[in-house]
Structure formats: structure tokens, C-alpha cells
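Here come two complexes built around subunit A, the first alongside subunit B, the second alongside subunit C.
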Partner chain A sequence: MTDAPPIIRLRHLRKEFDGTIAVADLTLDVAEGEFICFLGPSGCGKTTTLRMIAGLERPTAGEIWLRERRIDPLPPQQRGVGFVFQNYALFWHMSAYDNLAFGLRVRGVSPAEVDARVREVAESLELTPVLRQRASRLDLSAMQRVALGRTLVVQPQVLLLDEPLNNFRPGLREVMRGELKRMQLSLGRTMVYVTHDQEEAMTMGDRVLVMHEGRVEQVATPREIYRRPATLFVAGFIGRPAMNFIETQYQVEDGRAFLRHDALRWEIETRREAVERQAPSGRVIVGIRPEDIRPAVLAVPEGRRGETLPVQVDLVQPLARRKIVDVKVLDLVLKMVVPGTFRVDAGQTLDVVMDRGALHLFDPQTLRAIG
Partner chain B sequence: MATVRVQDLRKAFGAVRALQGLSFEVADGGFLCLLGPPGAGKTTTLRIIAGLEKPDSGQVYLDQEAMAGVSPQERDVAMVFEDVALYPHLTGYGNLSYPLRLRRMGRADIDRKVEAVAGMLHIAHLLHRLPSTYSGGERRRVAIGRALVRRPRVLLLDQPLTDLDAKIRQEMAAELKRVQHETRQTMIYATHDYEEAVAMADRVLVMNEGVLEQLGSPEEVYEAPQSAFVAGIVGSPAMNLVRCRAAWADGTVRVEHSAFQLSLPAAGSPGVGEVLLGVRPEHLALVPVSEGVRATVEVTQSLGEESIVDLRLSDGAILKFVGRPGGELRHGAVIGVRLPAEHLMLFDASTGRRIAS
Partner chain C sequence: MTRMVTESTPSPVTVAPPVPARLYVAGALRLAVAAGIALIFFLPVLWMLSISFKPPAEWLEYPPTLWPKEPLAGNYTFLFNPGNPEGAIAVMTGAAEPVVPAFANSLVVAPLATLLSVTIGFLAAYAVSRFHVGGTFMPFFTLTTRMFPPVAFAVPLLLYYSAVIPRLIPGLRLYDTRLGLILMYVAFTVAFALWMTKGFIDAVPRHIEEAAILDGASRWRVLFTVTVPLVRGGLAATTLFIFILTWTEFLFALIFTQRFAITVPVQVSHYAGAIGRFYGPQAALGILASIPVVVTGYLIQRHLVTGFTFGLVRE
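Moving on, here comes the complex of A and B:
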């Protein structure tokens, strides 16, 4: 993040539809040149927020600023933002060229300048060879680029994208992610990108804003969101396979602090104070990522080892360079991820170690992270 | 349940040769995935096994019995299609019990079987609801349940999870694998998604343009791909394949690329040729520039703890790295890449076949 003043400022944005709250109270700064992803399940308010920035939806309350200008009272075309729709909304009967030129022509730009700008955008998006083709005959990747180019050509200060990769089959979607990210880097344009796909958000965004039921759960870099999820929702939503959760009770034995679930216990001396302060009921949800439960025979970073625990292997799914292993211990079914080369079979017992430094603690009442 | 044997299947649609001599076997209680891109011939293979399509030549055997001339009904094979069709006017119970009622099974038996399958697939709560109220994942479960409930000799699944969310797809793959282990139902599952294939099946058959590329366990197709095609389809990000010149002499092969050169042990007889040098993104090591092949950081994508990094070599070729880069890698930074000899594979550039080392 730079120290430059933010290009977009959202202040206490709120949107209600017939009494239901779609967006509760959203405040956010987006930096110039930043790629920010709005992530959440359908109905969380992410698209509504994007549409409010675009001017397609009027906020119930709050302000939207673009640089020094307050834009929420302005109609969409005067805001200086470009919107790329989920279904592209191309003019199918027109050529790629005419699709790109459309926005400029309706603005009354001179034919010579239209041509120059269309060719420039086409070149940067590698569309030059297909400019004369009808939109309906383009392949998916080219349609995507035309949709993007049509918005870029009018030189918006900010690009807003609503799930633009939804219609791509798996495989192509990953390729297009890389392509979009590369385009954003070379164009240096600020992008606000809405998706329900956590992998997409985490791989593309400089920062990710996670929304749930109209509220912001966390805004941070992908790495931060993954390593330090601020809420139980974020912890469960981010990461595949999802984080394991275990209900525990705080206990002090012989002066040492533990979280206990039945016969399992985790010593949490360094986080004792935070637990006592933030979870006075003594109930704590322990979260542990599948890759932080490791076979004891594999190296675990020194000083991070917890106690060794025998578990029953229930299911093994080899996924190329990793394996997902479902294990049972007491009444729990936990997922762990091991290297693809590690040999393990359903039915066997396995000694595992939970990485003590990797425990995430949550208060079951507030659903927020502890410490 | 039954063993399935497919013998030298050939099938053309006009000029398109969908299958060009495909043979394989599935043991009784086995779970085979057909993995390949659209157009590989997966669906055609399933339709021929089901009796919905006649092969131009070749034969399908169920329990050693040749199926030529045997109608789809008599084969007792169930198939779940990509576009799941449930009876919209029947509840979950009605849909699940339908194939059993057709067989004039008694009410008590029907209830018992429906209940067992519903429990296994976690759809008990859907039994009294109409399909119009189901989510995409729920529709898939009920459709699979309906095919499973009558315990066909073979259950064929044609990309039943394709358009579901990644998260739900992964959950359902785990469940389907568990169900198959519990029931030992012989299953053949077609998909273009390698994650689905390796996560579920005991064995994976990789096919391309109607031809078998490799048949092996999920570990085998990943760790020992026999062709560049298999190397490219199993694993994400895909294996890096870099075109190089190779010269064999005295038990070694010298691999030359404009950005690097290296020597590997090799069995081949003396000679030169074009090869594809294969190395998986997770086997690359990032090192100081002086200790490796010089590369420029292009794009970094975070995967949580790990990142995918696109590295551009001096000739413009891109190598993908995946792992923990250990520090921030800025766009445009120059670093070194090490290609560890023990993880390098060579493929013949013209045939795509693996070259033994």
C-alpha cells in the first residue's frame, strides 16, 4: 500500500431493500492502482456495494468519493468508473471493433480518435487479430477481453468487475485469472473485483474484503486473511479444505493453561491472558488448518510441536502434490493435508502432531478471533 | 455387481474419430475415473458401456459376458448424466423409489433401501420435498441416490459435479469416495477435472483423442506420467514443459536451452533430438541469482501459505513456481531458479512420450 491519498473512499454505506439490510455500514479506502476483491457467499452484499459505486443502485445512507469528488449523487456515466458485467452484455451482432468503439461513439468522440483508442486497447488486450469478427463468434477468452476492453476504452479511473470469470470452465478460469492479473499490472488501473470464489479472490487481490450478511468481516492482504482470520466466518470460508473447528473448555491445571476437548488438550500458555480476557465463559473454539495437522514422522518446526496424538485414518484422497486425509479421534472427524508422496491408507492408525503455533482461537459468543 | 472389460473400442461420428482402439478393465467393486479434456471420448465410452451407443468395432463385457445385442435395460447399468434430470412432480422419496417400484419391489423393501441410500448421501431431509426446492448440490445427491438405490451391475457417472462450486464439488467428491468404499459398487466416472479424478478413484485412466494415454493409481499418474499430455493434465499448476535440444552420449544426456544447460543420467543410445523438459512447479527452488537460472518475477498469486509465481526466463519462456517463496517477490525482481535433477523428466517433443532415464 502506498501513502498516496485513496482513489475511492466509501463512508458508512448502507443499503436496504424493502426493510432487509443488504449492506449494513461499510467504510473502506481503496488505494490508487490497487486490485481489491470483494469476497463472500451469494447474498452477502458484495454485488450491491459494487453497484452502488457504479451508480446502478442508490445508497440508503452513506457517501462515495472518487478522489476529491463525491459521486454518489451523480448518474453512472458521470462518475468516471467502468463496469464489467458478469454476462459481458456484448452486442452480439456487432464486430469486436464496434463493441469496443460503442462507448466512444455515443460520447461523440471524433472517428479518428475512436479508431486510435480502439486500436490501442485492442493491441494491449491482444484483440487485434479478431477485431473484425462478430462478438457471437469469439471464443470465451476473447469475449471476456472485449467486455473488459469496451470499458477500458472510455478511460475510467476505476474498473468495477462483477464475477467476470463465472462462465469459464475450470482450467480456463485459472488461466484467465493470471491473464486478468497481468493486465491489471500492466495497465496500473484500480480494480474492484467481486467474486464468491475464495481461490479467485486470494490469488488475484492485493487486498480482500470478506463480506457476510451485509457486514465486513475482514479487509486485509490474502496472506493476512489466511494466517490471521479475524472471525470464525472468515476462518471457515477461506481455505480448501476448510479449517477444522473443535469446541473446547479453558482449564488451568497445576498452574498451566490448557484448552480441553474430552481427552484432548492443548497448552496455550502464551495466549492465556487473551483467552481469560476475551472469553470469560471459558468456552473457546479451536481452529486448526488441515496442513497444520501433520504425521508425527514428518518434520514439524522445532518448538511448535504439540502432543502426539494417535488417530484413525478414515478416508484418503490423493490430490497430486497433496493428499487430503480424513481422520477420526474421539468424536471428531478432522481433515489433514499431507504431501502427495506420504503413504497412508484408510483403516490404519497414524500418529499426528498439531502444530501448536498454528492454533486459531475464537470466542463462540462474539464469533471473533481471540488474541 | 460386475467386472467391466472394454476391448479395442472404435467409434467414429462422421469424420470425427471419437474412440481409436480403447481397452481397459475395471475389477468388481472398483472405481475408475476417465480423465480427459472435452472431446477425449469419455462420454462416448460411457454411452457404449450403457448400450446407448453402438461401437463401430470392439466389445464390452460385463462379467465376461459380451454385451453386443444386449439392450440397455437388460444390461442393468445405471448412468447419471451431467444435466441431472429428476422427476419434477415426484418428491425425493418418489424419485429414489421409482427404479425399485418399476421392479415391483415390496413397499417394506423399498423403504429400507431408500432409507439406507438417503442416510449414506445425507439426503433424508429432502425425501419429502420436491426437486424444485433443491440446491444444485442436493439435486446431484438425489440423482446419484436414484442410480445407486437399485444396486446396478455398474454405475456410470458422466461429469455429475461439473458445474457445482469448487467447495461443494470437493465435499461431494469425498462423500462419493466414501459411499463407493462402503458399497463396493463398481463405478466408472468421467471428468475433465483432475482433482475430482484423483480425489475419488482407485485408478485413473487418462485419455486424449480417443486413445488411452495412461492407466494407473492417482499417485502413479502424478508421480510417473508416461506422456507430456498426462504430465500436463494432472496437477495444478500444471507441470512446466520447456522445449530443449538434447544430446545423448555414454549414459548421460545433455539438455540445452538458450537460458540454461544441464546434464542428466540417461539410458538412451547416442544421438540428438528435440525434447520437452518437464519439472513440476513445486520442485523448483528459488535461489540467489548467482546459483541458478536467471529469471524475472512476472506475476505472484497467493494461495494462502503458498504462492504461485510466474518466472520469465531470458528467452521469454515462463516457468511456474509454487511454494513458499520466503519473502516478498516484487513484479520485475530478478532471482535464480534451480532445476533439481532428481525431479526432471524428459518427453519426446514429437510423440510426447516419456523418455526413460
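Moving on, here comes the complex of A and C:
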């Protein structure tokens, strides 16, 4: 992030379709050169937001600014943004060259200049050898580069990408992801990237905007999103396996603050003030990531060690380098992750500790994080 | 650009590996089966071809033979000059007019009606597919109009053509004119054209058109530079289908023409006389009438086979 003025500013953006709200009230600044990912389940409004920036949808309310220009009243071609579609949406019947030249020709650029600019972009994307090939005959990597090149050739200030890797098989996706990221770094272009794949967003984005039901849940760096989810939705959406949630009641015993669920309790003296202020009802949802519940025999830093808790192992799912273990305690089923080398079998009891520093607290009314 | 996946240049030549013998056998078997099926479908055509070269005495032979014993071209010359048949075909008296006007009529009516129908149907299909014009029920409604038996329309339409139109628009003649037939055929085939082309348009991802719109291309430009090329296989198939339909249409051609606008299918029915049906000239005309359809099919077969190469990534 730089101190330079933001390149894109969205102000109270709203979009309704026939009475249903697709985007409720979205305000966002995107910095020059930033790679920002819009992440959320399908139907959350992320693609609609992207299409509003591009000019494919007209906002019901709100403003879109590109640098010093308000662009939401402008037709798409005057906005200075490029759009890369799902599956690339190339003109399959045209050559790679004609795909790249299309935008310039529509804009009435002279043939000589069209040729010069197409060749320049083709050179930078290593497309020169395949310029004469039909788009439908290109390999996937070349298709991706043509899709990018087609938008770059008209020199957009911002690139918008709508789930460009959506329908590629796993494996290829990762290759393409790396290639895209490299391209972004070398082009230094601001990119807004829509995806429903958290791994994609978390690995590629400088920042991630998590959306849910038309609302922004959180905008932050991937690390921040993972470590300090701002809402219950983000906490449950980010991370695999998903975070465990436990309903608790705030109590003070002997002058010390606890969150209690049945016979389980967590001391939260350091966050007492925040809980009392933000959850006056005393009801708190405790979230803990599976990777923060560990077998007691494996070390947790002494100061952060919670109480040792005997649990019943219910199910063990071995993955390549780790195991996902379902454990039962009281009426709860919790997921935990242990190293692949750790021996554990269904039916046995296991002493576990929870990393006290890794507890996430949420208000069940507002669904927002506490503290 | 730092590093890039570099398999983008395809290897120029791929050498086919040697084909194992059992694949040859399988191929030969497949070919034999295909040839057998083709023969079954082609048999009527061969029979017609054979009869078109047979003299009247051999037309009704039983069992039928494929090769004429005394082949002659008389059936064909009779089509063009039915005035006074001579020699082996001298018995074919008291019949038809020359075939040329009917052919001329058909060659005007069918292609024009096809062109109009496919153009209108395609544009309508585009509106339905992309802008949902007419709502969800409209496309189906257009098809239901084709569920009426045409004969139910025939007489009211005949009255409309001969009694109403001349009063409403003096000077416009639709009965027994090429224009009248063309309008009729367009009206009756446009629903098919709409339905066939709609399927192909639906298969073109909207995003491809949006990509062009983002560059500032007008709707018409998008339509003609992006959509039409992508559905040309479908347009070709639709064109051929509608052309066959109109080229061979009989009922309306029979009812709505009398002398001047007679088409080939009606002409085929005219070959009868003192000795009964003139199967030879009918067969000869059947052969000639097949030629435009075959030629049309041949001309557009390239487009029929190509078409959907963009099934590479799913939408």
C-alpha cells in the first residue's frame, strides 16, 4: 500500500435487481498497483460490483471514481478499465491477432497504429509466434494471455478479472494462478480480481475483500483476514477445515472473567473489558481454528496454554501431511488438525489444549468480532 | 515478462503412429455397415433415377429392375417440350405444360422465402435470447402456431388473399403470385427458424458479446462481427432445413396458385393423361428438383461441419 491517492474509489455503491439487493452499500479505495481480490460465495455481489465498475451494470445508487474522474455515468469504453471474463470469452472465430486488434479497431484507430500496438502487446506477452492462430486453437496459457492482451492493448488504467480460472481443472489452476500473479507483478497494473476460491484470493491478493449477501464483511490483507476475522462469517468462511464455534456464557468467578460452556470454560481476563462492553447480554460465540487445538503432548507455548481437556476421538481423516481429527467433548464435536506423523485412533481419549491466544470471540447478535 | 509457460508454440507436424491391424478390420466393418445404411436410404433415389430413363412400357414392371432395358432421355425432353411426344413416349399425350416456368417460380420463391425467414427468425431469436423480448412464454407460443394443421388455415387464407387483400390494397395481387407464396412460406417457417437459431444463439456465452460491448462496439456490430460468425454453423443448418421445407411445399402451392405461380411440387402432380400417371417424367422432374437441394447442401456443408469449436471451456 502506498500513500498515493487511490486509483479507484467506490462510494456507497448499491445495486438492486427487481427488488432484491445484490450489493447493499459498498465503499472501497483501491491503491495504485494493488492486487485486490473480491472473495465470497456465489451470489454475494462480488461479480455485480465488478460489472458495475466496468460499466456492464448500472448502479442503483452510489459513485465510482477512477482517479479524478467520476466514471459511473460513462459508457464502458470510455472508462479506462479492462475486463477479463470467466473462460476468457475470446472471439473464438478470430485469430489471436484479430482478438487483440478488436478494441482498437472498434475505437477507429488507424490500421498502422493498430498493427504497432498489437505487436507490442503480443511481444510483451510472448504471443508473437501464435498471432495467426485461431483463438479456439490456442493452448490455455496462450488463451489467458490473449484475454489479458486484448484488454491491455487499449491501455486500461485498471484490470478487472472475473473468476478467470473458474473452470480449469485443479492443478492447471495453480499453474495459471502463478502465471497471472507474475504478469501482474511485471505489468505493475492495478487489478481487481473476483473469485469464490479462498485459496486463490489468499495467495494472490495484496488485500482481500470478503463479501456476503451484498455486504462487505471485511477488507484486509490475507494474513489479517485469517488471523483476525472481523465477523463470524469471515471466520467460518476462511480456513479449511472451518473454524469451530462454541456458544458460551460470560461469567465472573472469584473476580476472574470466564466464558463458559457447560463444564468447559476459558479464562479471558485480558479481553474482559471488550466482552463486557460489546456483548452486554453475556452471550459470546467462541471460535477456535482446528489448527489451534493441539494434543497436550505437543507443545503449546507455556503462557498461552489453556487448560488440558480430555476428549474422545470420534473420526480420523488422514491427509497427505496432516490429519483432520473430529473429537467429542460434552455435547460438542470439534475439529482439530494434527501432524500426519501423530498417532491417533478413533475411540481413544486424547488430552488436548487450546491455544488461548487463538480464541476468536463474536457477539451472537451483531455477528461481529469482539475486541 | 519474467517467466512464462512456454508450451505455447505447437509442434509443427505430428506424425501419426502406425495403425494396428485390428483397427483396420474395425474400420472396414464400420464402413460396410455405413454403406449398407446409406444404400437403404439411397434406394428410392436410385429407383427414381432408373425410372426417369425408362420408356412407359417398363414403368410398372414387376418385379422392378434397376437397369432400364431400353434407356432413353425422352422423359427429360418431355419435361421441356410436352407438345408432341414421339417414338417410345408417343403415348404421353394430353398432359402438362413445359416445366420451365414452374422451375423459375420455385427458384425465386424458395430461396427468397428461406432468406427472409432465416433472417427474421434469427433476429427474433436474438431478441428473445438476449433481451427476453416477449417474456418466457413467447418462444413457445410461436411454436404452438405451428401445431395447427396447415389445412385449417388454407381456406380462410385463400379468401383473405383473393377477397380481402385486393380491396384493402388495390394493385397488390397475392393469389397466384410468387410474392403471395413467399409471404405465406415466411409466415409458416419463421417459427422453425426462430427455434432452431435460438438454440445456437443460447449456446454463445454472453460474455463474448459483452467483451465486444466493453470495447464500445454497437449492438449491430457485435451481432455481425461476433455472434453471426459464431453461429454460422447453426444458420447454415437452419437455412438448409427451411429451404427443403419451402422447396418441396405442396399444399399451399396447390391452393394458392393456379397458372402463373405454379411451383415444381405442383408441377410434379400434373403428369397424367390418357395412359394414367406419367411416372417417367415425374421421376425425371424429381431428379431435377433434387439438384438445387443437393447443391445447397453441398455449398454449406463446410459450415455445417464446423461451427462449435468453442466447446473447449464450459460456460
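FYI, the second predicted complex is superposed on the first by the 370 of 371 C-alpha atoms of A that agree within 3 Å, B and C clash if a C-alpha of one lies under 4 Å from a C-alpha of the other, contacts with A are read in each partner's own complex, and residues count from 1 in each chain.
Methods note: contacts are C-beta pairs under 8 Å (C-beta built on N, C-alpha and C of every residue); 3 or more make two chains touch, one makes a residue touch a chain.
It should be emphasised that the depicted structure is a prediction, and the values quoted were computed from it without experimental measurement.
Colleague: Specify the outcome, clash or fit, for subunit B and subunit C once both structures are aligned onto subunit A.
Modeller: fit
Colleague: Examine A:54 and indicate which partner it touches, taking first as subunit B and second as subunit C; both and neither are also allowed.
Modeller: A:54 sits against subunit C, while subunit B stays out of touch.
Colleague: Please work out whether A:324 is in contact with subunit B alone, subunit C alone, both, or neither, and reply first, second, both or neither.
Modeller: first
Colleague: Which partner chains sit in contact with A:238 here, subunit B, subunit C, both or neither? Use first/second/both/neither.
Modeller: first
Colleague: Using the superposition on chain A described above, determine whether A:126 touches subunit B (first), subunit C (second), both, or neither.
Modeller: A:126 contacts subunit C only, not subunit B.
Colleague: Measure off the angle at the C-alpha centre of subunit A toward the C-alpha centres of subunit B and subunit C in the combined model, and quote it in steps of 10°.
Modeller: 70
Colleague: Scan A:83 for contacts with subunit B and subunit C and give back first, second, both or neither.
Modeller: Once the two structures are laid over each other on A, A:83 reaches subunit C alone.
Colleague: Considering only the touch criterion stated at the top, classify A:20 as touching first (subunit B), second (subunit C), both, or neither.
Modeller: Neither partner.
Colleague: Please indicate which partner A:136 is in contact with in the superposed arrangement: first for subunit B, second for subunit C, both, or neither.
Modeller: second
Colleague: Across all Cα pairs of subunit B and subunit C, what is the smallest distance in the superposition, given in whole Å?
Modeller: Minimum C-alpha separation, subunit B to subunit C: 6 Å.
Colleague: Using the superposition on chain A as set up above, list the residues of subunit A that contact both subunit B and subunit C.
Modeller: Residues common to the subunit A contacts of subunit C and of subunit B are 182, 185, listed in rising order.
Colleague: Over in the complex, which subunit C residues touch subunit A? Could you list them?
Modeller: Spelled out, the residues of subunit C in touch with subunit A are 1-10, 205, 207-208, 210-217, 221, 225-226, 229-230, 309-310, 312-315.
Colleague: Flag every residue of subunit A that touches subunit B in the complex, lowest number first.
Modeller: 169-171, 174, 177-178, 181-182, 185, 196-199, 202-204, 221-223, 226-227, 238-242, 291, 314-315, 317-321, 324, 326, 340-341, 346
Colleague: For subunit A, which residues count as touching subunit C in their complex?
Modeller: Against subunit C, subunit A makes touches at 54-56, 75-78, 83, 85-94, 102-103, 106-107, 124-127, 129-130, 134, 136-142, 145, 150, 154, 167-168, 175, 179, 182-183, 185-186.
Colleague: Flag every residue of subunit B that touches subunit A in the complex, lowest number first.
Modeller: 165-167, 170, 173-174, 177-178, 181, 192-195, 198-200, 218-219, 222-223, 234-237, 280, 282, 298-299, 301-305, 308, 310, 331
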